[in-house]
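Below: the structure, in structure tokens.
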Amino acid sequence: MRGYDDDKQELLARLRRAEGQVRGIARMIDEDVYCIDVLTQVSAATKALESVALALLEDHLMHCVAAATAEGGQVAQDKLREANAAIARLVRS
Amino acid sequence: MRGYDDDKQELLARLRRAEGQVRGIARMIDEDVYCIDVLTQVSAATKALESVALALLEDHLMHCVAAATAEGGQVAQDKLREANAAIARLVRS
Amino acid sequence: MRGYDDDKQELLARLRRAEGQVRGIARMIDEDVYCIDVLTQVSAATKALESVALALLEDHLMHCVAAATAEGGQVAQDKLREANAAIARLVRS
Amino acid sequence: MRGYDDDKQELLARLRRAEGQVRGIARMIDEDVYCIDVLTQVSAATKALESVALALLEDHLMHCVAAATAEGGQVAQDKLREANAAIARLVRS
């Protein structure tokens, strides 16, 4: 069981759509679609993945991190540090 | 023919890899992989798409926009404006 | 007292440097420095502010959110929701 | 004379506001304002700098790069490469 357990079907549906978007971008390039129109689709796929990341992070904080801090101690500190590193990676990517 | 014509095979290969990454993320969620490890993969896929966007934009500036500005006039202005809007979307996404 | 209390002097020092960077950009423009060199400075200042944001967020999670989730209940839920919204704003900005 | 010559006063005004925002963030921290409210201000200042960067880049493409590509040759190639590198830095920051 994971933090995203309740949202699993929703996350999988979003990822299937993102996969379809990426495949659609390849098709556009294969068919010589105008650069700017391809770029618009790349932005859309990037935003879709960003939303998946934010949903995963939210679930992680609401469940895994909240459970660890409720217990306290070293485990809580480690979970918080790990979450902060993941947030920094996301903000900088 | 498009600005990305010379890079077409390279772009298609990158998109196939990105598509595989997105499918891999879905598999991880399906198998209840730890949230933070899934997030790392989402960041990798996002970066892959960002690189595709930058390559497309570079090709567009080097070919379509350069050709238009070499001619000058209203077409050049329009192409530059369109490119600027695409850059702004990319920076803000 | 706030989550960032222990880092207050460090944060203030960073913000003074960022303020100096922004003033430096204005001076560059005033002195007609080459566009690309000005842009490099704008990126540096943006990264400095991003680091301040990540430090503030880390302090907030380590103290305010951790304290709330240790207590549990509605307050914990509210703090987590608020933190998630702040993270989303940061990732999307 | 630079690409941003026509927008100089506008850019300087925006930078003065951004400088004021950064100083305001320091004041908030000094007065122990709630973390999340400080973060909102940091996001606003970051967005202000991002807008300055996009305006500078637009001016650069509309003037310096357009002039170089109208001439063509190695100078045009160099300007385009330099602009692409600046765009990549901006997108990744």
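Assorted remarks:
Per-chain numbering from 1; labels A, B, C and D assigned in written order.
Note that in this section a contact is a pair of C-beta atoms (placed from the backbone, for glycine too) under 8 Å apart; a residue touches a chain by one contact, two chains touch by 3 or more.
Which chain is which protein? Per UniProt: A, B, C, D = Copper-sensing transcriptional repressor CsoR.
Everything quoted here is computed from the prediction, not taken from an experiment.
When chain centres are set by their Cα atoms, the one at the greatest distance from chain B is C. Of all residue numbers seen at the chain C-chain D contact, over half occur in both copies; the interface is built from largely matching residues. Chain B and chain C, compared by their mean Cα positions, are separated by 28 Å. Taking the mean of the C-alpha atoms as each chain's centre, chain C and chain D sit 18 Å apart. If you average the Cα atoms of chain A and of chain C, the two centres end up 22 Å apart. Shared interface positions of chain C, i.e. residues touching 2 or more other chains, are given as 50, 53, 57, 83, 90. Those residues of chain B lying in contact with chain A across their complex are 1-5, 8, 11-12, 15-16, 18-19, 22-23, 25-26, 29-30, 32-36, 38-40, 42-43, 45-47, 49-50, 52-53, 56-57, 59-60, 64, 82-83, 86, 89-90, 93. Those residues of chain B whose C-beta lies close enough to touch chain D in the complex are 50, 53-54, 57-58, 61-62, 65-66, 69-70, 72, 76, 80, 83-84, 87-88, 90-92.
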